[in-house]
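The first chain written gets the first letter, and so on, giving A, B, C and D; residue counts start at 1 in each chain.
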């Protein structure tokens, strides 16, 4: 219950051990790009990633950097910039293992994690190849169906070891503003540890009024916070800043080849990062 | 998806048919007392009530007025004013049927209703008489437990026909401010119809900003709204007004006897109500 | 005089007609044409229609994060939704995952997103894919992100209702798990469609032509719909509705 | 000179000692003495302690409604909680429902609330009941709102840790499902307790006396704890801490 305030994103991401089961929310909820770069620089390996329920740039970069061993996701896309080239290449080469899911299944399993229940049923999905390839999911007959029958999917709960996301602001009690991005709330509830980068750390209690409290993730769920202004860059972040279109387009072009991606990684993650954290 | 704005609480509560499966949230989240009085005046019968997860004054009055056939609850209490005399008398006489539950079971079953899943597991509860007397609940072995065993409780989903609650304000799109009383959100999601009384109906879009939206129940879940200033009276409501202590103490004294309760009902519900709605 | 109907406008009008009678319509990400169709259906309905455009703040009524779309669908509060597919086959199976042997697909698409759920839950799912080629419309999809039909024992209030492509409009018969070509878009023929479709489908000998939107509809598309869709898809609106 | 220790203050100090080492403590409704004990434990801890007083805005850190307490307990984020009982028996079964044959109980209490769950989930549940009589401490409860112990096959990270009454303090041995009297409050005897308890319990021949709070502890209770608890329980604070 002690919230740690880190001096840098490097220090925050140093808390992620090799092999960690790491969760990211969908990019539109706030992609922690500064944290992703710090994680690559830290040389952390064999990350097992789950996306809530989708992702894009964070998974693309981490997979491209070779620090990921598996991804559970409902979708990985760079949005307007097309498919995720390094992620797709890794799939084609079998370099990472993939667990394809569907958005409501990841949400439901995470809510089961939040509730501390071992599994949760979900309608639909049965008969899809999403289900066919998931040997960690089960189908049972609904025990409440009169006359038997009525197959229903059961999903084991997801409790990520570490959730990482970027948010607008935190106060000095570690309360984090999430607004209507409530997947972040469920994610932090379900996760064992939650590491947050924020645009700013502010004075005053963000839980002080009922109206402000409704938009907050209470600090009791937050393990550590680091200030990272423009921490979603080169992506945009809510109404605070728009995406760096030139940068993202250049990435999409470079990442078509191994060499191009390597040069991007060197320039934008390693060299730029050393300057950043110097 | 058409939200109806009712001219009176009477008109709002006229939407509740005899035999309806009706849900109330806990008193502290906003007890719809004006609605309860209107419901008694309407002569609606055989209500089947579920409380989310507890209640007090609304159930006490409705049961006392003889319009309830069953109650599913985790607790009924008048708080500082002690036990609920008419509810307790009805239990003793077997005048209503009771389904005793436990708070997290009602929440979980309601969340199952919200998610459209047929049932939901819950830890704990097994071996209690709460479980022993609920033949609508089941225990199965956790299908994900290695080596078998690991019994776990399964609860069928709750989807109330009608949810009724009192809230601070609504806008003209039917968006309702709920703040951190998020049991109201889950309740409205799970319910088939939601009837809301509010202290005031305001101009402007309460969903307009992200910060304000985080405290709102979107109007898509709301069937009808009626303005009811001081609609929780004689109870208090959030920081808006405090309870009418003299009134509540007088109730607690009167309700000890059938005659006392009858005189209260006549005076405060029927006569006062006729004046109110005249 | 109004300028002639653009292909996008024909699609918008065609999709909007399929939404008639819906009270609530949700539109997924990256879907400007379905989004415009939903807004047009709302504009032309005599009763209130609620439209949620996902991932666009102000364009939707979600306060619980995107899980709320799925829960709302399960609650029966979503009448219509659009799905596409990298591949779609004659039984309306859709593939959003990739081409080739799973999991090491030689072409990888983003993933199944919510399709494996919404296809089961939303009563009127409309398949929409502009590209009408044998690359898309295959005999059998390589990966079933969501099946077109399910056995009777499967709880399934929803499913495919119709399909609109760049060449024509189809209905879908769930009992027979087959598409039927209902109309061919102006400028194309049954032969064009047959040659570019990798599966059999039912059709009249001389299929109807998809009607172009009338003047009032075109005006609605170019007026209030264009203005509204520009909030979520400014680039699309700029390209298709430069005058708006 | 400080005024002598009140019975409430003895209970607060006794409960607070049972909370040593807890990082997170939740306190239910209508619980001013447990609430004060939690605040005292926080005040006296060298490491940070998080206290949530339910149903008091500003006194807790919940933003999801009260379901959050239960979820948080299941997540392992609540180290200690207090439960009471209209009846409590020697196996630590508690009854919050009523006296007599269920369901038409001749005396009806409010109901089980969250006990049937939190008793299973919270590692250190402290039973607290001021009234120590045979009416409360019965051979067998008439209704088990929550069982004191469960079979090995039942998932149960939590359970009864200790019990404090107006007369004494007990520990609980889960393996034997028995209470042990650890200390008798000043002014009472083992005989007082035995005569007022409807079940057998273990005890030393001459049980220890419950220690009164030292001066520093009393000062903490009457100072910061009194001030803080007054926010949730003004009437209690006014009665017990009139000087604060």
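In this section, a residue touches a chain if its C-beta (ideal position, glycine included) is under 8 Å from a C-beta of that chain, and two chains touch if they have at least 3 such contacts.
Values in this document were obtained by computation on a predicted structure and should not be read as measured data.
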Task: Measure off the straight-line distance from the CA centroid of chain A to the CA centroid of chain C, and report it in whole Å.
output: 29
Statement: For the pair chain B and chain C, the C-alpha centroid-to-centroid distance in angstrom is 40
- line: Between chain A and chain B, the Cα-mean centres are separated in Å by 37
Field: In chain A, residues with contacts to at least two other chains
entry: 111, 115-117, 122-123, 150, 152, 180, 182, 185, 210, 213-214, 239
Message: Show the residues in chain D shared as contacts by 2 or more other chains, in ascending order.
response: 57, 62-64, 70-71, 74, 121
Query: Hey, how would you classify the chain contact layout here, line, ring, star, complete or other?
result: other
Query: What are all the touching pairs of chains?
result: A-B, A-C, A-D, B-C, B-D
Query: For chain C, which residues count as touching chain A in their complex?
result: 29-30, 55, 57, 62-67, 70-71, 74, 96-98, 102-121, 143-147, 150-151, 153-156
- request: Would you mind writing out the residues of chain C in touch with chain B in their complex?
  value: 23-24, 47-50, 57-58, 61-64, 70-77, 121
Query: Along chain B, where are the residues that touch chain A in the complex?
result: 108, 111, 115-123, 138, 140, 142-145, 150, 152, 154, 156, 178-180, 182, 210-215, 238-239
Statement: In the complex, chain B touches chain D at residues 26, 28-29, 53-54, 73-77, 79-80, 83-84, 87-88, 91-94, 97-98, 100-105, 107, 111, 122-133, 149-152, 180-186, 239
- prompt: Can you name the residues of chain B that touch chain C in the complex?
  reply: 1-2, 114-117, 185, 189-190, 207-208, 210, 213-214, 216-221
